[in-house]
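There are two complexes below, and they share subunit A, which is joined by subunit B in the first and by subunit C in the second.
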Partner chain A sequence: MYSYYFKLALLSLRKTPLLSLLMVTMIAIGIGATMTTYTVSYMMSKDPIPNKSAQLFQVQLDSMDEIYGDGKDLPYTITYQDTQALLESDIPKYQVALSAIQKKISHENNAHIIPKSLKVRTTTSDFFSMFETPFLYGSGWSKQDGKDAAQVAVLSKETNNWLFDGENSVGKTFRFGADTYQVIGVLNSWEPLPRFYGLPHEAYTKPHDLFIPFNTQIKNEFFTDKLVSSTCWQESADDSFASFLTSECMWVIFWVELPDKQAHDQYQAFIDNHAKEQQSLGRFTNRIYNKLVPLKQYLIDEKVVSDDSKMAVWLAVLFLIVCLLNCMSLMIAKFHAKAGEVGLRRAVGASKQDIIKQFAIELSVVGVVGGLLGLLFAQLGLLAAKQTYSYLHSGLMQMNLQLLIGTVLLALISSLVFGLYPIIRASQMQPSSQLKSL
Partner chain B sequence: MLKMKNLSKAFLTDAIKTQALHPFDLTIEQGEFVSVIGPSGSGKTTFLNIAGLLEEHSDGLYELDGQDVAQFTDKKKSAYRNEKIGFVFQSFNLIPELNLYDNVDMPLRYRKFSSNERHKRIMQALEQVGLAGRKDHYPTQLSGGQQQRVAIARAIAGTPSVILADEPTGNLDSKMAEGIMSLLKDINAAGTSIIMVTHDNEQAAQAQRIVQIKDGHLSDSPNIQKEIA
Partner chain C sequence: MRDLIPILKTLKKQKVAPALLAFQIAVTFMVLVNAIYMISERSDLIARPVGANMENTLIVIANLPNEQGDLTIQLENDLTILKSIYGVVNAAPITGLPLEGWGLYMDFKLDPNEEDVAYGGYFGSNENLIDAFGLTLVAGENFLPSDIQTVENDGIFKSSKVIITKALAEKIFPDNWREMLGKSLYYHKEPHEVIGIVDKLQNAWNFWSAVEYTVISAVQEANDTQRYVVQVEPSQMASVIEAIPEKLLTHPYKQIDSIEALSEVKTRSYQEDLATNKLLTVVCIGLTIITIFGILGQAKFNISRRTKQIGTRRALGASKLQVIRYFMLENAIITTIGVFIGILAAIILNNQFVELLSLSPVPANFLFLGAIAIILLGQIAVAYPVSQAAKISPAITTRGA
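What follows is the complex of A and B.
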């Protein structure tokens, strides 16, 4: 029977092509606008590492004094000396300290490859296991390499393509500033969205181009101000790098993976103990206030999903409702024009439910076609957004399968919801009064 | 088959009550051919709509096949219209965008027939009205008389017990009208009851029985037959 209704729906839409086109376009424009803004907002608020986000915590310590440390919010960075102490713990499954620098990178002997100044993520060896990075070639560096501040690097796929033409470059060397570094691994495409582990304002920018051990940064006294969020509430003793490292400047981001509640409680006790020990040495004078912030909470606290994007979604939804209300008036007109057919069908035996089913199928066809066209409009909208906001991660402007299906479903359901009144109105028509209008 | 007792119909619009049909009694047996005559606005169509379960009566009893229709749900009324009643209208009421085959198929679609059964019934009905060869044509490609034949095919495809025809020849010339009347008589001869509303006394006289409606009063007297004759 449904195939019969489908056939009738196509005939009916063909009978009034302009009206059908208007209805489809109306739905498509509303859906296109809504899904363009929703896609950006949805991709922003997606769980970047769903299988373990509940086990990842950012460590925040209140190492400030009573003047600076009176607020409830703590910086999302900690000092280098605390970092060193925390790295001693064996409670977390994995623990990662990270920062970033910028360096001039070049090929060792191929002059055709023009040197580039690239962003370098400096981190500890657990980084690759904790964040489950996919490797194309090789692997991350060992704990020992990390401790020894080895001059090794893991390249992003893009950097490997640029520097080594995409070949397996493990074991090969390249120029890292004035030094020579050896490639130990090459990542496959890896673009977690949002890029949760770094600075909040970088969450939607492109990932860093290569990775080197954190200790290598320290040993070589590399530091790039603009790539670090540093809270220096007390001046260093002097301008030397060594003084900077022992200062109260908070600039290292620290993540731990705690698989269960027991590990969480143990680690909380560990960092509190560390704070107490430091207190006895004259630090942490304000209070013992240390937080293990769950990944998802961190994204909320740091407003990684902007309020503007949520507002844009609401405005787009209102726009969709206006489009659907317009569509609804067209549906009323369309079904009114079919009063004669309704009367006839009722006379020859169609029940009210039969009429409802027939028109619901017709609206479903309109909704699905509107949804598909809306999908096209949304893709165009996202393409325009991608070009306008080229500095943002392109993944933000891409629909995943759920969103693609969701778009068509939204169009279908909203057309049916807004078509409910016109359909019921049509089915309630007194058949005898409509028979003369066919 | 059809029994109306003390049945009446009143319309209430803006607090004004209009008595469309005054209380009347009428019984029509299976296989009868009854004409309903009367001037325009006398209540003939209202009577036919009530008989065809398209409108509800206000008062009295209406039994179809021994069942009180006042107790029917909308779904049951639809099923009755589909299985027991065939409609033929003055303006044919064919769906222009469907071909003849699909027009005749319409009532069968609301019945749980297999597609083979539907095909058999559609072709039989079209053959009976002499249009099987034009099953793929559209209503606009046919003359008025042919269109009414399609409407009759649609009415008989479901093998109803009664056909309600509302001025079936009203839009046709006399030659075409004659053809339609002969078709209706053939259908009646095969056992289907026919209740036909008409203006035309000559056609009315071809029925076995004539019922007259005047100003909402229905009279079912043998004298009418004589008067018309």
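What follows is the complex of A and C.
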């Protein structure tokens, strides 16, 4: 029975090729636009590290002397002296302090490799375990190396390709500014989206090109103000780096992994306690107000998903509705033209349900074809988006399997929903009214 | 107008198809009006002048390596080199860049014991900055070389002379901005005498309400990431860009992070807005085309269904013009209903819309112009099928069913 309706549907679509094409195109354009913008927005708001996002918290401390902002928010950075104190704790499973610098990187003796000024992530040894970075060669540095400010580095795959031709470079050395650093590990492709751990406005850019221990930055007095968000509300004692470190400048991003509620509460008590101790030393004069911000909350607070992308989705949905309304008009026209056929079928015994089934199948065909074509349009749209949003990570402009299936389903369902009325109307046709004229 | 009653009667009888079209027009109208308004708002934001000479200002970011000894001497060296390059008018160091997205900001007071009077962005530089940016001094005077202090960090905490933007002066003294001259502006508890006022200079964040409230202090900083502003003679841009690395890279530790025109910094700063404007434009064009299709299809369907009726009217003496008028009027009515629904929806949904999409409400004149544009669009779209309808021969009535 259904295969018969399917045949009828194809026959009917072929009879009015222009109308059918128009309907399919309408659906496809609407679906294409919606899915293009939805993909970008969906990928933007995706959980970057689903298996542990509930256990990752950013530490925010109110070490200032007056209320910051509206009183509820805090800077997402903390001072170096607090960083030192927090790193002493053994409550978190992992804890990561991070900052960034820019350095001129070059090969030791191959003059053909032109030196580049690269972004360097400075961080503590837990970084690689906490954020589950995949390693191609070697590993991260040890806790001891981190403490000793060893001159070691983990390279991104791209940097390794550039500097060492993609070979296993563990143990090899390269020029880092004026010094020589040793490669200890090479990451495989690793592009968390959004790149939640760094500065919010960099969330859709690639991770930095290499990683060195946080203490190595401190020991060598490296600092690149442009790559750091720092809140300085009090002048440091003098111009030296040492007094910058002991100043009230907040510039270190600090993450902890707390596996359960107990660890969370324990750690909250620990940082509050730290604040109280500092208060007795004359710091934290404003109040005791320390926050452990869950990763997902942090992404919302810092507006990592841009309003523009949300707006684009809404516009595209309205666009789809216009396309579907248009399609609905076409369906009414189409079914109206088929009134004679319906009348005849009803007269020779087809029930209303039969008519509904027949037309629903015809519409499903239109919907699925529209969806598939829409998928193609969406891919073209994403290609265009890659050009337009060249400053965003290209990973945002890719559909995953759910989105691919979702696209076709959306086309099918929306065309059926909008086809419901025309179909029912057609099925209500009185056989007699059509038979009269025959 | 005699057609009005029969049209309304037909619409009443055949409600669904016209209702769909009206609804479609309502949605189109809402989206178009909002999108065009957003585009124009963004374009206005992007069009705001930075205050500097955009054609001939070059930004150089280089390092002052600790390995090379005293940073202040290195800074003076770099500036001497930059100024000596053929085609360079002037060069100055600066602590941040307009629209860079990174910068320093602070609260201002007129009296250290009273409330803040404003907040704004900060640049520390020297007496050459006005020339290096090509700024216009509208009151007071420039720094003297003797006013300039040099530090390695934290210039914001030093007491110094400052030049501010007119916008900031107007914010503090709305009635007479010249009053700001000679007064002290307090930030970070130190006084800063305002000796000059420049017409405009945007600070670091384009989205910030205080982007035009800028302070230039007479404190230049010499540090690891050193920014220079270079004013170049017209048409010498390319040769200066080429000459800078040759001249500035004097030793192995020296590195240049970037050399680019200030206009590039600005474009990068607005890249999101520019991209969104592109997207909105595509949506507008797409919607317009789809809606024209809708109107066309609807008209064709109507006419084909009423071929006989039209023929009868013609046979009974209606002129071609009357047939055309009938369908044009019908379309105008449906479109107007659609626009009306659109305006109503816009008013009712405005608050939710504004909140949900963080849009600003569309002003009334936009709604009005949008309404006229959509009605015209409908008339144009319907023109072709209607001209076909007028060609229907009266003889068609004589043919059998």
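Odds and ends about this structure:
The definition used in the following text is that the second predicted complex is superposed on the first by the 428 of 438 C-alpha atoms of A that agree within 3 Å, B and C clash if a C-alpha of one lies under 4 Å from a C-alpha of the other, contacts with A are read in each partner's own complex, and residues count from 1 in each chain.
We take it that a contact is a pair of C-beta atoms (placed from the backbone, for glycine too) under 8 Å apart; a residue touches a chain by one contact, two chains touch by 3 or more.
The model shown is predicted, which means the values in this text are computed figures rather than measured ones.
Placing subunit B and subunit C on a common subunit A by superposition gives a fit, with no clash between them. Residue by residue along subunit A, subunit B and subunit C are tallied for touches, and C comes out ahead.
When the two structures are aligned on the shared chain, A:P431 is found in touch with subunit B, with no touch to subunit C.
Applying the stated contact rule after C-alpha superposition, one finds that A:Y389 touches subunit C and leaves subunit B untouched. By the document's definition of touching, neither partner reaches A:V417: not subunit B, not subunit C. Contacts of A:R346 after superposition: subunit B is touched, whereas subunit C is not reached.
By the touch criterion stated above, A:I405 is placed in contact with neither subunit B nor subunit C. Measuring only between alpha carbons, the smallest separation of subunit B from subunit C in this overlay is 13 Å. In the complex of the two chains, the subunit A residues touching subunit B come out as 1, 4, 11-12, 14-15, 340-341, 344-354, 430-432, 435-436, 438. For subunit B in complex with subunit A, the touching residues are 49, 52, 54-55, 74-75, 78-79, 81-83, 87, 89, 91, 93, 95, 97-98, 106-107, 109-111, 154, 158. Those residues of subunit A that touch subunit C in the shared complex are 22, 26, 29, 33, 37, 102, 104, 115, 117, 177-178, 201, 221-226, 232, 235-236, 239, 244, 306-308, 310-312, 314-316, 318-319, 321-323, 325-326, 328-330, 332-333, 336, 388-389, 391, 421, 425, 437. On the subunit C side of its complex with subunit A, the touching residues are 16-17, 20-21, 23-24, 27-28, 30-31, 35, 63, 65-67, 100-102, 151-154, 156-157, 188, 223-225, 252-253, 255-257, 268, 271-272, 275-276, 278-280, 283, 286-287, 290-291, 293-294, 297-298, 301, 305, 356-359, 401.
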